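Below: the structure, in structure tokens.
Naming follows writing order (A, B, C, D, E and F), and every chain is counted from residue 1.
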Amino acid sequence: MKRNFPRRMLVACFSWCVLFWAAPLEAQLQSFSKQELIDYTSKNPFDRLPDGRPKVPDALLDRARDLSAEDIWATLQEKGYNNQFADGFILAHPGKALVGRAFTVQFMPLRADVDDVAQAKAKTHGIERLMNQTAIDMLQPGDVLVVDLFGKKVDGTIVGDNLFYYVMVATRGGGLVVDGSVRDLDGISQIDMPAYFRATDPTPIGNVMLTGINVPVRIGGTTVMPGDLVVGDREGVYFIPPQFAKEVLDHADEIHIHDEWTKKKFAEGKYRSSEIYGSPKDPALKKEYEDYLKKRLGEIHKEQGEKEQKQP
Amino acid sequence: MKRNFPRRMLVACFSWCVLFWAAPLEAQLQSFSKQELIDYTSKNPFDRLPDGRPKVPDALLDRARDLSAEDIWATLQEKGYNNQFADGFILAHPGKALVGRAFTVQFMPLRADVDDVAQAKAKTHGIERLMNQTAIDMLQPGDVLVVDLFGKKVDGTIVGDNLFYYVMVATRGGGLVVDGSVRDLDGISQIDMPAYFRATDPTPIGNVMLTGINVPVRIGGTTVMPGDLVVGDREGVYFIPPQFAKEVLDHADEIHIHDEWTKKKFAEGKYRSSEIYGSPKDPALKKEYEDYLKKRLGEIHKEQGEKEQKQP
Amino acid sequence: MKRNFPRRMLVACFSWCVLFWAAPLEAQLQSFSKQELIDYTSKNPFDRLPDGRPKVPDALLDRARDLSAEDIWATLQEKGYNNQFADGFILAHPGKALVGRAFTVQFMPLRADVDDVAQAKAKTHGIERLMNQTAIDMLQPGDVLVVDLFGKKVDGTIVGDNLFYYVMVATRGGGLVVDGSVRDLDGISQIDMPAYFRATDPTPIGNVMLTGINVPVRIGGTTVMPGDLVVGDREGVYFIPPQFAKEVLDHADEIHIHDEWTKKKFAEGKYRSSEIYGSPKDPALKKEYEDYLKKRLGEIHKEQGEKEQKQP
Amino acid sequence: MKRNFPRRMLVACFSWCVLFWAAPLEAQLQSFSKQELIDYTSKNPFDRLPDGRPKVPDALLDRARDLSAEDIWATLQEKGYNNQFADGFILAHPGKALVGRAFTVQFMPLRADVDDVAQAKAKTHGIERLMNQTAIDMLQPGDVLVVDLFGKKVDGTIVGDNLFYYVMVATRGGGLVVDGSVRDLDGISQIDMPAYFRATDPTPIGNVMLTGINVPVRIGGTTVMPGDLVVGDREGVYFIPPQFAKEVLDHADEIHIHDEWTKKKFAEGKYRSSEIYGSPKDPALKKEYEDYLKKRLGEIHKEQGEKEQKQP
Amino acid sequence: MKRNFPRRMLVACFSWCVLFWAAPLEAQLQSFSKQELIDYTSKNPFDRLPDGRPKVPDALLDRARDLSAEDIWATLQEKGYNNQFADGFILAHPGKALVGRAFTVQFMPLRADVDDVAQAKAKTHGIERLMNQTAIDMLQPGDVLVVDLFGKKVDGTIVGDNLFYYVMVATRGGGLVVDGSVRDLDGISQIDMPAYFRATDPTPIGNVMLTGINVPVRIGGTTVMPGDLVVGDREGVYFIPPQFAKEVLDHADEIHIHDEWTKKKFAEGKYRSSEIYGSPKDPALKKEYEDYLKKRLGEIHKEQGEKEQKQP
Amino acid sequence: MKRNFPRRMLVACFSWCVLFWAAPLEAQLQSFSKQELIDYTSKNPFDRLPDGRPKVPDALLDRARDLSAEDIWATLQEKGYNNQFADGFILAHPGKALVGRAFTVQFMPLRADVDDVAQAKAKTHGIERLMNQTAIDMLQPGDVLVVDLFGKKVDGTIVGDNLFYYVMVATRGGGLVVDGSVRDLDGISQIDMPAYFRATDPTPIGNVMLTGINVPVRIGGTTVMPGDLVVGDREGVYFIPPQFAKEVLDHADEIHIHDEWTKKKFAEGKYRSSEIYGSPKDPALKKEYEDYLKKRLGEIHKEQGEKEQKQP
């Protein structure tokens, strides 16, 4: 998978972000303090970002690039988490994996009396104007921008190609999921960052008010928490609670090996599908598979260990 | 309009409600404190309910029973409030006016990690279990229950006929608007309270979590604030910010007189529509209309004054 | 079928209509001269209205009140006219027959450069402003207002209750078919005229331009010509070319007798459905039916003859 | 609930039906022999009709007239039967209970090569022509005609008002459920039998072939077996396997008493909803309810016993 | 058109298939015996597969790779077969031709009482468990798997990438048409076999029961018979009764030559479209075309003859 | 952007077109004379084609190939033209710019009485048969064929691959926009001309009548006038009144420079999005941008000047 983005160029930047986080976000209609965020994501086993979001480690993000929706389904349904998948999106780059940490943003239909109060509160916190860029300016490397625009098409375009480009730079190609629309699709098609949206429209965003940054949001039938591990493939997007990230990935390794072996056996043309899949019926085959699994898992773990060591 | 509901029976009850309000609601995922509610509805010209919601006076609620969507549209669009109307509902009792103060409730798709925290917090505030009845138990006379269940059909049934009956009792026939479904439609059809819903389903509510009571909610393309004046007719539902309630009603009086006069003239069969409607072209007719308007307004104001005096 | 409308009151009015017709309608974007109208409806066997539309006689309109969609289907499909039925409407008064002569109106999405020219042309013909009322003012007793508003909901409301009332007065309760919306549904529900529409909305008509009066229009999959016999039942609306009106009605008489007899036989409980319907298998039954048909047709024709004599 | 249908008139008829059953139905594309039918409904605890279908007793049918979808849901979901409910229908008579034994019919899109073979086979069995009336002629008192027309609208009209009338006579007002359409809606609206359909259309049935009578059919997400207890309310239709009929009804009796008591308590206005519903929290209230339940069940059982005795 | 699949590897395998066919399939709910299959496809002019399905010869399958929906439409509508085309699918590999013999499979919504009987019957025939793999294991080279899963998305995934791979191996890249969904779209996208489906979902197949293998099935508005020639292009899928296969292909040859010539003439830029297309008006041009047709048909026939000779 | 089309070959052809225009088009149901066309497009600042349509110059067409929907939106909304964009199409070649002058065609549902008159009138004007090719034969280089087929899918296919090829030749690759369908999608996919359509279908066009050539037509929510500048990108199609063509293009130049500079600054990774976009806050940055704009505009204008000089 080609990653066009020039990583070097961005090494030292975005230091202002950390500072910016200090600015209280209570100005928004849907307030969700850093403490509330920590409380509601208390099962997070990893570090946290300065803003309080769980920080799924970069090494796991890297491993997650090979995940497909089905790999994730198996683990999450076992845990009883059946509401973490959203689909029905248009994809800017089908085939390009979407992986990152959820940075959530919520909009609601504009009503001036409410927005006036929110804007006034924002001003007292040094934010000139609450708008889509207020949130976009806070994006971090590794983030996926997850936006609830309640499926709005006209006036519901979270970004055009300029801000889409900015999101790519700021997140290092993290990605975008919007229950709403984008504009400048021709431009966006030429920028190498995965994007999931409901529609396109030539209008800029309008007739809405920004009501929450890094609050719980709803995307389709899913509740997304800030810091969720976001993984998208051709089918749709999974929002994985951080506490399940490792288990999902480990299970996926086994699934991949199983699929590898299964297809290899099928390619031999000697077996009916039910002799091999879901699991081999014949004890000898079962043994063969288990040996293969063990060997391949060993190789994978070794490879993963080496990768992690190489990272600073 | 027949009102089946036996008002006498309920005179002395619900005193516990006031006490119940003291229990903090911060246990919910989407917290919105009484102070925040007051801040964000600061343009409210009326008293407030114990929970902080604006209290559009009963006399205005009574007058609002004659409003149609079009009466409201004229005033709100003049104010620049174009996002206050929601439609696309199924109506349990078309032709029965829906009028009351918005009591809002929000649900989101269940995820156990988040719900566990919310339930634990609720318990520390003396709430045994956060669920639809937690909110329903707090309803007051004159309320309309406004529920965001994100359009969910299966498992998205806010009430069946038992709780629907309770809502009628508790709100004195106020009503229900749910961006979701109801169950027991046959039973509900026999209970004389207006209800607006997206679908019906035999399942009870499930696979969701209660995330907010009297928080700002989204219904269709509308942001509803707790305490909004809710008015529904055959077409859909308007959520009127309290600061516009009186102006809407006064304007509607004029519209009704205008319509009365217009139809009277049309019935004479002597005029083309454009001679009379929108406003009469002929100066003599214009004068006739203005005199009629003045006279009828006088009558209406007198009648309203008498009604208000009769009320304790 | 109750007809609330006070017919007496309207006897002498609308004389201005005839004069008004003299005003040329070439001002509209889609011009269709009286001569063109006559050319394209040259198979019309009846008189014409002053505006050139075929005038299906009042006596046939009266007979058409008993027609259902199925009665019409049989004759028109035999003629190879399979595109004359439109459905998918909301009905203001299901069960109330819609019958009348098509008065067609066409709107298109507003573009100011085109509308400016049309309005300027209209002014030179003494029409102050081309708008929905320009057409509505031209309605005649017995007309059904048929409007192509290309399915527009918001801003696509051809009438509210005031103009709906006017249409009832002007057409003597003829009716309305609009591929668009209406407003003031509560008001319209109390006015006793059949109406077929796609949606309701609180907005008034706007963002469109009037582009044709009594031009050919498209309603669903149907081409409607001015003067078509419009017949609507619970299922939808048929637009019958005038040249088939009599044949449709005569055939319907036979269908009604056939249905009468068929149900009578079914009620006896002695026959399987296929022994009686479509047509009786047994020669004796066949004879019985044919005698019945003959007798009843005779009765009906006598009754029709008497009715026609009574009319001035 | 008014039952317009003159039951007396039909007492002695339809004796030919029994004979007719002897005619083999193997002519159809989807054959399902009487033995197969018996095998696949082997859990049926009741007698069988001559055609092999389970015969839910008339007394249970009578009791089932008070069922709502929710009453049924509770028992079936407990049994793990979650696919027995279909909705999304238009109802000819909302509020009129649909109750009866499923008589199933299946159509598929016409292809002449297949239909020719089926028709030829039919002829060798004395059936002149396989068509909708072939099935309709076989209907029995107490049947509900359940038809899979794969949602077809145009040419998918199982009956018009004539055959609808016949179905009413033959089934004694049993009813119709069609995943397809009907024609002559105006006529059908005047015939007092419940009907559930997807659409209406003026065309007669066509471009399809009859492929099965009393075979398993699919209606929405439901597999319907011949002889299923069909119960429809305003929400939709339940197809209840006969082995659960009695348990559903007994459970429903308890639900009705529970609802009765719950509403009575709510009407007192002294309790919050959660004190009473789902079940009373307070031991004294719980006792009160249990006593009430016992007493009312006793009354109901007595009443049911008397009814059954009165029946011949 | 690249065919990635390694044909050599599979030459000697699948011999067990023939034997497997001997196992009776009467265990299924929708039984359709080999004799019934033969009866209902009696117009088949070709050999039959061991399971009784018509075997459209490999040489015709090869020729069919150039067919488009329009080539087929012309012949089938002439024969009066207007229900053989299904569309509205998502395509895994647009531009890759789908060609093969229909192997049909039917599922219905699960109901345990029925499935228990079917599974018990299956066991007596040596089938451990009726499931999707029961059918998949029976696939033959040249087959297209055609599955009626009644449009089910969630739990309606006939295969993921493992079984999709198996289907490719077993059918030699034949293909898949499912009125339902698939999972593992990312994986499937990398496997070079045409696939037509309604949706994707991360869930595995469930909550359904296998009710028929090689029975007549309905896909959209089409009745598919086992052994139909399946041809899919970017628009959708045609199911061609075998008796028309040769005529369709011969006619298509003429259509292709006609298109070739037509475009050649258009490219000259000397003619208006109507001078050349549908057929040339000018006698000289007509002659030119007829000569061209004759010459090219000769070439094609020669080429086809050579190809057939080369095949063993 | 590769242009496959061999321009040389077509240099001298189509001279007959001019003559052909002389043939009166009044034969059509929706007549719109050359004078009417000129009247209603009187703001056109450019020359006109022989048929009266505004002729947006070739040089502007060339510049328009870089336009995106958003570039156009900015100018048109400023002018108050909000109804000029249509979307919801399937694109044959996403990423290939659609640019040309609107050649409009209108169809309506067939009714024989009307079509007979139109065909007879056509014959008197030397047109053998009014049909899609009547219009297609009149296409000019630089045209985009814009067809109102009222969203018809079955029988609503304006062209198959043969006529699509012809349209490409005649318009020099101009393009097609049809509110209807096309057939032969596989063939069309191989012909290098942009095409926007609603659906595909194997049927040829039928059951419609040609009612207007170069009349005002409605495409989605847009009124298209003959001669409009048609510009399509991945999102949809803009129909630009000629009087705005130059202003749109000039404004787009500035937008492109703005986007260029904005992305350049974003790529530096030193700024938050709101410091740069919509316009730079910092005066120094603002100055930098303005200098850049000036310089780049100069370069562009020079380049445009050179291009125009090179053209004959």
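The definition used in the following text is that contacts are C-beta pairs under 8 Å (C-beta built on N, C-alpha and C of every residue); 3 or more make two chains touch, one makes a residue touch a chain.
From a predicted model like this one, the values you see are computed outputs, not experimental measurements.
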Mind listing the chains that sit against chain A and also against chain F? E
Over half of the interface residue numbers used by both chain C and chain F, so same, or under half, so different? same
Chain of greatest Cα-centre distance to chain D: F
Chain centres computed over CA atoms; the one at greatest distance from chain C is chain A
In whole angstrom, the CA-centroid distance of chain A from chain B equals 38
Whole-Å gap separating chain C and chain E, where each centre is the average of the chain's CA atoms: 48
Of all the residues in chain B, which ones touch at least 2 other chains? none
Chain-chain contacts as defined at top: A-B, A-E, A-F, B-C, B-D, C-D, C-F, D-E, E-F
Under the stated contact criterion, what part of chain D meets chain E in this complex? 29-32, 36, 39-43, 80-84, 108-114, 117-118, 121, 150, 152, 207, 209, 211, 215-216, 218, 221-223, 225, 241, 243
How about chain F: which of its residues touch chain E in the complex? 6, 9-10, 13-14, 16, 133-134, 136-137, 160-163, 165-166, 169-170, 183-187, 189, 200-203
Listed in rising order, the residues of chain C that touch chain D in the complex are 68-70, 72-73, 85, 87, 95, 233-236, 238, 259, 262-263, 266-270, 272-274, 277
